[in-house]
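In what follows, chain A forms one complex with chain B and a second complex with chain C.
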Partner chain A sequence: MSAVSGASRPQSPSALRKGFARLLRSRELGVFVPLLLISIFFAYQSPVFLTEQNLLNLLRQISLLGVMAIGATFVLIASEVDLSVGSVYGLSGIVTGLLITSGVSDYAALGAILVLGFLIGTANGLVTVYGRIPSFIATLGSLYLIRGLTLVITGGQPVTLEFDANADFLRYIAQGIVFGKVSMQVVILAVAAIIGYVLLHRSRFGFEIFAVGGNEKAAQVIGIRTGKVKILAFGIASLTGALCGAVNFGFIESVQPTNGQGLELDVIAAVIIGGTRLGGGQGSILGTLLGVLLIGVLRNGLVLLGVSAFWQTATIGAVVILAALASATLNRKRA
Partner chain B sequence: MTFLKHMAALAAGLSMIALAGAASAEEFKLSPEIAQHAKDGKKLVFAISYHDPSVAFAGPIRDGVAKAAADLGVEASFVGPVGGGAEKQIAELETIIEKGVDGLAISSASTDALAPLINKTLAKGIPVIAFNTDNPKSDRLTFIGQDLVLSGKTVGEQLVKYMGEKGKIVITSLDTAAQWSLDREKGARETLAKYPGIEIVNVVNTGTESQQIYGAIENTFAANPDLTGMISLECCSFPQIGLYLKRNPRSGEFAAVGFDLLPQTLQLIKEGHLDSTISQNPYAQGYKSVEVLTDIVKNGKMPPKMIDTGAEIVDKTNVDQYIGK
Partner chain C sequence: MTPAIHLKNIGKRYGNLWVLRHADFRVDPGTAHALLGENGAGKSTLIKIIAGVHAPSEGTIQIGEADNVSLADAGDAMARGIAVVHQELDLFDNLTVAENIALDSHRKGFFKPARAQMVAEATRVLALLGETSLTPDTPLGQLTTSDKQKVAIAKALGRDAKLIVFDEPTSSLNGHDADQLMELILQIKARSIAIVYVSHKMTEIMRIADQVTVLRDGAVALCAPVTDIDHTQISTAMLGRPAGEIFPERPSAPTDGELALSVKGLAGRNVAGVDFEARKGEVLALAGRPDSGSSETLRLLFGLNAQSAGTISLAGAPYRVRNSRDAVEAGVGYIAADRLREGIMPLQDVLTNVGSVIHLHFGEGGESLRTKSLKAIADLNVKARSPDLPITALSGGNQQKALLARWIAAKPKLLLLDDPTRGVDVGAKQEIYRLIRKLAAGGTTVIYTSSETHELTELADRILLFRDGSIVETFSTVDAETLDHRIAS
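Take a look at the complex of A and B:
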């Protein structure tokens, strides 16, 4: 982020050198370089990759993953993990659908689901902090619990948004287009990124998150209520899962109770590729966005090149490992 | 060397166990306990194990099982590993067998993994049939379901009907490596091979998450703007093809054909964004599974090697009778 803002000022040779040095030192470099190389490769191989329509598609395709990854960044920097976000995403789509099909307005359904999402996250945090059990276990439990409840509620059947359902607002935020071509989902990502950036990098709460993740005992010594900080981080992560589940329902207009299974792994992978330390204390919103973009570019580019389905899966896995290695190596050198 | 010898002995032992379990349908003998249950008029207990009961497709199967159990006066539980997984399915079946069961119908999560269990169960005199997804590596007494290769051929014929004998197409599947997907793809390719003017540009693995599926479809259209048709091999990427076409209407003729009767698929056929879908009659698969097991145990009647539940074609002309069913 700092390298970008530095580049916008008038540059003297020494300022340029400083800016370049800052870029080389930045945690995001580890993901930026692979992203750039892969993008150049796809642009060279496919004439479609850099077309305006494809880039707009790509941005929309990564939007919801991006929003959830921003939420997960808070939890991971606080040295915790949330495995339940995929289940929250699944439950949210189903509950939103059921509420709307039973006649509740889409505004009220969205409001209810956001509150529910935040409460689930808070519960995850309470169990982790006051139950003193690792968040890996607590959220693994809620992953199964929430998914099971979703199946119970639906009896395993999909929920479909009727074509004449009164859900104009939900359809607008999920399917709407602004500036003639940009999906509303991209706008949601942009808003989430700004809020996430301000909260994490420009607020007292963000400072506390980094302090708790870096050294919890030291954070307690300087008077930070570490439990409260962590609970709030879990709340934010689940809130983003709930928001995205509802928006996805508005976009696809039908949702299976199994939707979002395994999504938590994509979310965590994007955050880690983006340079957030799994042990907490380090990370950034920009890095997370680049991590999400890397996953999105790979999925998009491999289909454009007509790579066989089996090779697509293997290639994504290999690139994820290489990107994580590049990020880890650069960060070790930096340290 | 000793280690290798041990491993070789273990492998030989395991294969002996598997072979010992094998028994053909003709050789199958009902266990004396189960025969006694039937003779005493006790309520027979069956388990119908589906490879993932959490998917939408399982709903009508469950309904068919429940209806048959009520009609025939037997107890039939619909079980299976939520989210799939051969190990989980095997563990659950082992528990059910241990508890006592008069017959099993299994849709295998993995042919290789389930075959030894099926054979061992048959060797104990417990009847086992396959439904929905066949397990040809085992000695299951019958298979109730759709001939997947044949259904693939049918979907190929549907594509030609709507697209004509020339064009560029893509095949989508949410799991291109799964046996059912490979079988349907094989059938579709066999039909399309008769038409040299049709080119299959790619087979796209969409994944199972809805955003990913839609994204994969969007990317496929971006990469191949001159596509004239698309075949979906399953329930869940098909409606999303329709949704894409609804939002991005094609200028020329475009054919989209696929499988199963999800409500969204039916609505999109009604609106003209999808052309036709093939149902594999899941309700009948559930009903017949219980019926065949009852026949084997109560009446000693062995089923034929395969019971085809057919491939109903649903298009704009008959879609209304399926909507809301």
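Take a look at the complex of A and C:
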């Protein structure tokens, strides 16, 4: 919620002090400080880290993770979880490729895949809400179901974007460069962050997500349609998965049907590191962005230092645990 | 005068079962109407009809000038100026005070209100309560129950509520906070707002109510101005007969019996140095407000709360209790007030629930375990179609009897019961009273707490009154009205 305070301009010294006090209390600080420290460490250790080229590259690398993490933030704050987003990402790349290969325009393919993504999320939500089963189970099921269908559709073979395929728009949003150096993927992340921020922190729908995640029964009593809110949150999460799968296809131009396996865990890790409470009710877009950035900086910096990929994975694991411990300790102190 | 609300000849039926029938309930602006009744008497049904949650099966509702109103849902009732301050407070710990006040499902538009606007609104409505110490930006989770309640009331006032229903508002407040709340309700009344006050605490009712309605078995058993009636009339109306007839005969208290329990300087959370003794076969009641230390004393004796000081001896031997296992093995039993979370094993059947203590702690198993458990079930008259049904299939009263059976099977020396009749119907209550007496006659010492004053005065041999973690008074005989005053003061 402190993201709100950051945006409003303090009018007087006392408002400034209050704003600063809110900033100090904010959950985002818990991820911002480690992010800063780790960045300083890498800056000292590697002359490459702070170069414009490296930072732009780093941002490009985390963009799609960031977009999906924004989607997952909605679901996690609503006190649910979506494990299927990696499978949706995989399916989306494959279907986009197949549609374009079969002559569908890239605009139409993108449109179709976004609708499909949203519908899959809606289905996850419907099963969770009306089937009254934990979303962990419902989306674990769709994780396998969607991945299996992806393998069935492709027969296990990769799908490639033909060199002469008519996919200029897709190539542009995936590979394009703006302002001479910024990847379009970063622009997509920025747009997603703005939309996510407005939806989560400024709209009535976002307000209701926090209410549902904080106390579902009370939300029902005051007349919030909690099922609808949750289904929409699932829809948003899957939509971001589908978008990113398509963009990734446009970027690497050839995807395996197994693409994106385990991605859902990276997404959840980033959101949790960013201070969103797994039990729901707390979190922010700013925090999620910082969480994604922390993961990106860690990976990038460890590569620059020549640390093996195996150790990178272990380090991220340790950071997840530390972040969870830090936020649990903070919460206890506040209580 | 135009009533704030008038339910006329209201009835509610589920299938063929009428839970409320021919009920007339009227509240005028600026007055408080107390609503009383045992569990299952129809109280919550009546409130849900007022709140728009349930539609009545018969009868009509008048709200202000408008007659024959049908409330579509809770939101509709809210829009007509009816607010309910529920016992469990429908608020959000993860949101700030201002956000809690602003959150409203009937707001239109895409955006939520800006923070500054929410803060201004919160400041305005809190000021209506004369409340200036609460900061609108504070997360609600950091507030005390009493402050949360103020937020809920402020929210109602902010919506221009004409009628506010308080559902057992003091049940989780300490004496000081309850007192403040009473003052607040009197203030609200003075603003010509109508109050429905659900409580069974006579002192509170006498202090704030103008009119009293008692429901029993879904019908109005008593409706009178508060000035025309007394304690005895109310309890007789609630129970359907004089309270004395509900409770079993008390044999003369065993004043010279063997000492069963001796507690010296016992301290722990909410308990600050408690001394008392109990004899074999004695029934001892611990009275006091929530947080006064009475319930916590039971938890200390059963090893559920950590003991910071004091010595206890049980049947002459030192009793060191680090955890509940020590307690059970020393012959102590305990039933918690929160039956669902600390009592039953909800996924297990009745037989397993009843047999758990003798199985886990006294090595019973096989046929012997089954026989003993079945005997306890029969002895306690637990009404279950089959002992293999999940315990949650039973009524509250029968669940409680099953929990008692669990301990009876273990033949405890000392049985600790924290509000044993909570959420239990009158019939089961009576059985529980008789059982307590029967156990005492067999030599078991029973120590219990209760939120109903009559259960303290009519059942116990002695009453220890707790306040702020210590025993401030002991009674052997006392009438309910006096005890009520002593608890509240």
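Here, the second predicted complex is superposed on the first by the 310 of 335 C-alpha atoms of A that agree within 3 Å, B and C clash if a C-alpha of one lies under 4 Å from a C-alpha of the other, contacts with A are read in each partner's own complex, and residues count from 1 in each chain.
Everything below uses one rule, namely that a residue touches a chain if its C-beta (ideal position, glycine included) is under 8 Å from a C-beta of that chain, and two chains touch if they have at least 3 such contacts.
Here the structure is a predicted model, which means the values were calculated and not measured.
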A:Gly281 contacts which: chain B (first), chain C (second), both, neither?
-> second
Based on the superposed arrangement, let me know which partner A:Arg202 touches: chain B (first), chain C (second), both, or neither?
-> second
Chain C versus chain B, contacts on chain A by residue = B
If you stack the two complexes on chain A, which partner ends up touching A:Leu116: first (chain B), second (chain C), both, or neither?
-> neither
Should A:Leu263 be classified as contacting the first partner (chain B), the second (chain C), both, or neither?
-> first
Looking at the overlay, what does A:Val221 touch: chain B (first), chain C (second), both, or neither?
-> second
Taking the superposition as given, does A:Ala211 touch the first partner, chain B, the second, chain C, both, or neither?
-> second
State which residues of chain A lie in both footprints, the one left by chain B and the one left by chain C.
-> none
Contacting residues of chain A [partner chain B, same complex] = 46, 48, 51, 53-54, 57, 61, 64-65, 147-148, 151, 155-158, 160, 163, 175, 248, 251-263, 299-300, 303-306, 308-310, 312-313
Chain A residues touching chain C in their complex are 1, 4-5, 8, 18, 22, 202-208, 210-211, 213-215, 217-219, 221-225, 277, 281-282, 334-335
Which residues of chain B touch chain A in the complex?
-> 53-56, 58-59, 62, 82-83, 173, 176-177, 201-205, 208-212, 214-216, 218-220, 222-223, 236, 239-240, 243, 247, 262-264, 267
Residues of chain C touching chain A in their complex?
-> 73-75, 78, 86, 89-96, 99, 103-107, 109-112, 115-116, 137, 139, 141-142
